[in-house]
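Same chain, two partners: subunit A is paired with subunit B first, then with subunit C.
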Partner chain A sequence: MKRHLRLFMLLCKIGLMRQMAYRPHFFLMVFGKVVRMALLLLFFQAVFLKIDRLGQWTFDQVLLLFATFHLVDYVMSITFQRNLSFHLPALIQSGNLDSRLTLPVQPLFMASLEHIDMMDFISFLPCLGLLGYALYRLDVAFTWLHALMYGLLIVNALVFLFAVVLIIATTSFWTTQSAGLARVFDDLTRVGRYPLDIFEGFWKFFFIYVLPLALISQVPSQALLGALSPGFLLYAVACSGLLAVIAIRFWRTGLNNYSSTSS
Partner chain B sequence: MMRTALLIFRLALMERAAYRVNFMLQICGGILSILIVVFLWLAVYRSSGRSELGGYTLPEMITYLLGAGLINSFLLTTAENPETSQAIQDGSLSNLLVQPFSPYGLWLFRDLAGKAFLGAIGLAGYTVLAVLLNEKLVLALEPFRLALFGAALAAAVLLQFLVFQSLSLLAFWVENTYGFRFTMRVIMEVAGGAIIPLSFFPAWVQKVFALLPFTYFVYFPMRIYLNKIEPDEILSGLIRAAAWTAGLAGLNAVLWKRGLRRYTAMGD
Partner chain C sequence: MPFPSTAPLAVSARNLTKTYWFHEKAPGLSGAFKALFRSRKKCIQAVQAIDFDLRAGELVGFIGPNGAGKTTTLKMLSGILCPTAGTIDVLGHVPHRREKAFLKTIAFVAGQRNRLFWDLPAEEYFHFCRVVYEIPDERYAAAKRRLVDMADIGDILTVPQRKLSAGQRKRCELVAALLHDPRVIFLDEPTNALDLVNARKLREFIRAKARDGRHGIILTSHNMADISEVCDRLVIIHGGKIVFNGSLASLYERFLPRKQIRILFDGPWARDELAPLGDLVRADAQEVVLEVAASATAGTAALICSRFSIRDITIREVPLEQIIESIYAQPHR
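So, the complex of A and B:
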């Protein structure tokens, strides 16, 4: 564990050195990402100029949901998302995965964290500011229990996303092409930016029980606002846990199926 | 000359068709994104209890979103294309410079081919969506309006190429141009009206956006399609889009000429 933590810090350092090699590019990308978030906020503000509530959600609550979504999204993109969605299929296709498998670390650790995106880490900091601003605006007395549940459900959201991304990436062992599917899932996760109240009937059911994207930001936000039932909390944790077990088993099967294609 | 251009166009089309599955998935992703936004706006109209918001009825808004999605996702994709800056950075521009046609023409026709390919596949995908949302769409069938819409779209395609090409040409001076193109794409999407009609923004924001060329990318063509613009405003809009095109073409020419003077390549 300690060794993996040390290795993770080293990978962060390497990531920063690699990305800082083009400093103007680095800061421009960070600027672009912050502008993107600001413009999306402007979009929500424009929408709320016309309405008071979106379903049951007020502007301040949507702000919390938006900040939570980006918090989870940034942690995912800093760590495992690009590694699994794009780098792993490329490694399998080229046969370069061999060199990773011979390293004295867990193959899944390297496959998930080899390239740490420090550019996104810097862009992530304003997102924390936005979360603080949303909490300040909400003017709700949060209990420690609510804050703890919020933290736990953020981790739960990351476990859920890791599992789905890993399942998609593992298909590369058979198809060598999973990047397209990963992009589709990335587009689909944007559902998490909006309250699920925008959906009705089948689609609401779908995003809660079939592909539970509600776990990304809706469930943690509801927990912080004290609007989450204990039953749903259990469902959320069980859902991510089960999916993680399936994903890891699938990954092991994929790895056993791997045959190098390099020369 | 025309034959060479057509050949470049055809080859680029074939090259893109080789990766059909990825494109189909890209289109699925684009359509899913638009569907999510359509759901959002259905909820916004439901929550407001009004039939018109920001001057748009619900069918007009859904038509706008679908049209904007199609234009933005499939036609205005040059931002992602690193071909020019890559050629300058890795020195492969040297090879292009000794060919009997201009590299600039090559990039332009390859870009047009990419847009035509994605546009055609995208249109097929969006047609399915349009059939599903049939009752909630505004269909413009007057030939004159469609012709004006087509002209505005052609201006958008050219303008967008020139904006991003000028950023790619900065590769003569800087090591990596992706940051510039990424930031511009982000601004373009919002200021061009790809996410929401610009009339929804506060007045001061609309004034700032009106100073930029992006308004001609999505907002202007879609307003023509939805008949939300006066004829004299269409004319002045087309003239302004042409002026932007001329200005940016001039800027591109200057950057290209000065850049080539600086350009050096090494290799074996």
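So, the complex of A and C:
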């Protein structure tokens, strides 16, 4: 564990050094990330100038939902998302996965964390500020239990997303390319930043029980607001846990099917 | 000198087999379109039930034509690929389980691949290796100093990889692969992209590594100098099967028990007198190369010295490439 933590810190450092290797690119990336975050906030403010509720959710609650979604999304994009969705298929296609498989590190660790995107930290920090602002505006008496559940459900959301992204990426061992499917899922997860109450009937059922995007931000936010039932909490944890087990087994099968490329 | 068979086994493979499946596609746009809906699955037997051993301290050359199965074999022995059938034991480990203890004792260097950080200097990747392989500080410093010196890369350690030539990158890659002092080393075309001086230095280094009796080394190469200058044993793989496994001397004995006599004449010579003594490989005004049966070499040389006025005479082996070419030309499947 200590070794992996040390390795993770080193990969963060290497990620930052890689980004800084090209000076103009570095400064343009910083500018781009700040603009992206500001535009998203402007969009939400514009929407709530017209309406005062989204489904059952007030503006301040939506702000919490939005901050939670982006918190999860940035952790995912800083760490495993691009690695699994784009770098891994490229490594499989070129045969460069060979050199990763001969390192004395879990192949899944390297496949998930080799490229740490430190640029997304620039967006991650204002996101934390936004979360603080939303909590301040909500004016709700939070208990430590709610805060603990919020933290655990954020981790749960990351486990869920990791499992889905890993399952999609693992198909590359057979299809060689899975980036298309990864992009579709990436777009689909964007639904998670809105309250799922805005959907009716089938789609509401779909996003809660079939492709439970509710786990990403709605469930942690409800937990923080004290509006999550114990039953749904259990469902959320079981769902992510089961999917993670399936994903890791699928990954192992995929790895055994790796055929490399000729030299 | 034959390698002592009492040295402990480092690698042992039995009945090793690898089958690949792929979808056959017709050429052109229409072929690509049809393959989206219907394609024929075909299989290739890349490696067919081979047995192979490597002892500690031994250096084995693995050669074969393109697509013969040598790299696939190396990848199975190093745990990159799972064998379709057969068993492998490398220092008491099953490679495809990829246990940490196993991976810390091997190195795989692929000639055509680049594992180093493209945008960063080699020094950064060396440090990464130090953390990954948990190399103690003192051992790391000593190994790095020795390897950097051997590979002659001291002046390029701080240059980003993308700015280096293919040969320079290759030398950095080799240093990175050997920092943790692996016991079994798999080298896939190690001298590819190296100039003559660096290729020679690398061969000397590989030879010295194997001589200490702790390291078992397998190398594949299309460069016969790599094989003839450093290997104790030669394995020729063709069509996924081992067609020869033995010393260089026994290869000559089995496939081409002949030698070449090079004669530099002092004056004129007659073809009719020389032709019955052997096959004329080359015949110039002053210089002739005659190929004769190995057992008749000494007698033929003595006869030439007594009959002709010569300035110089040398006896040499038939070039290794010639033998290898004749083996590759044989039907294999």
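Following the convention adopted for this analysis, the second predicted complex is superposed on the first by the 259 of 263 C-alpha atoms of A that agree within 3 Å, B and C clash if a C-alpha of one lies under 4 Å from a C-alpha of the other, contacts with A are read in each partner's own complex, and residues count from 1 in each chain.
Everything below uses one rule, namely that a contact is a pair of C-beta atoms (placed from the backbone, for glycine too) under 8 Å apart; a residue touches a chain by one contact, two chains touch by 3 or more.
Bear in mind that the values here come from a model prediction, so they are computed numbers and not experimental data.
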Clash or fit, subunit B versus subunit C on superposed subunit A: fit
Which superposed partner A:Leu28 touches (first subunit B, second subunit C, both, neither): first
Partner chain(s) touched by A:Val47 [first = subunit B, second = subunit C, both, neither]: first
Contacts of A:Arg36 with subunit B and subunit C, given as first, second, both or neither: first
Vertex subunit A, arms to subunit B and subunit C (CA centres, degrees, nearest 10): 90
Subunit B versus subunit C, judged by how many residues of subunit A each one touches: B
Touched partner set for A:Ser259, first subunit B, second subunit C, both or neither: second
Touching partner for A:Pro104 - first (subunit B), second (subunit C), both, neither: second
Shortest CA-CA distance between subunit B and subunit C [superposed frame, angstrom]: 8
Shared subunit A contacts, counted only where both subunit B and subunit C touch the same residue: 22
Touching residues on subunit C, where the partner in the complex is subunit A: 20, 67, 71, 75, 78-82, 96, 98, 100, 103-104, 106-108, 110-115, 117, 119-120, 124, 127-128, 131-134, 160, 188-189
Residue ranges of subunit B in contact with subunit A within the complex: 21-22, 24-26, 28-30, 32-33, 36, 39-40, 42-44, 47-48, 53-54, 174-176, 178-180, 182-183, 186-187, 189-190, 195-196, 200-202, 205
Residue ranges of subunit A touching subunit C (in the complex, touch as defined): 3, 6-7, 10, 14, 17-18, 21-22, 95-96, 98-105, 107, 256-260, 262-263
Subunit B-facing residues of subunit A, complex: 22, 24-29, 31-32, 35-36, 39, 42-43, 46-47, 49-55, 177, 179-181, 183-184, 186-188, 190-191, 194, 197-199, 203
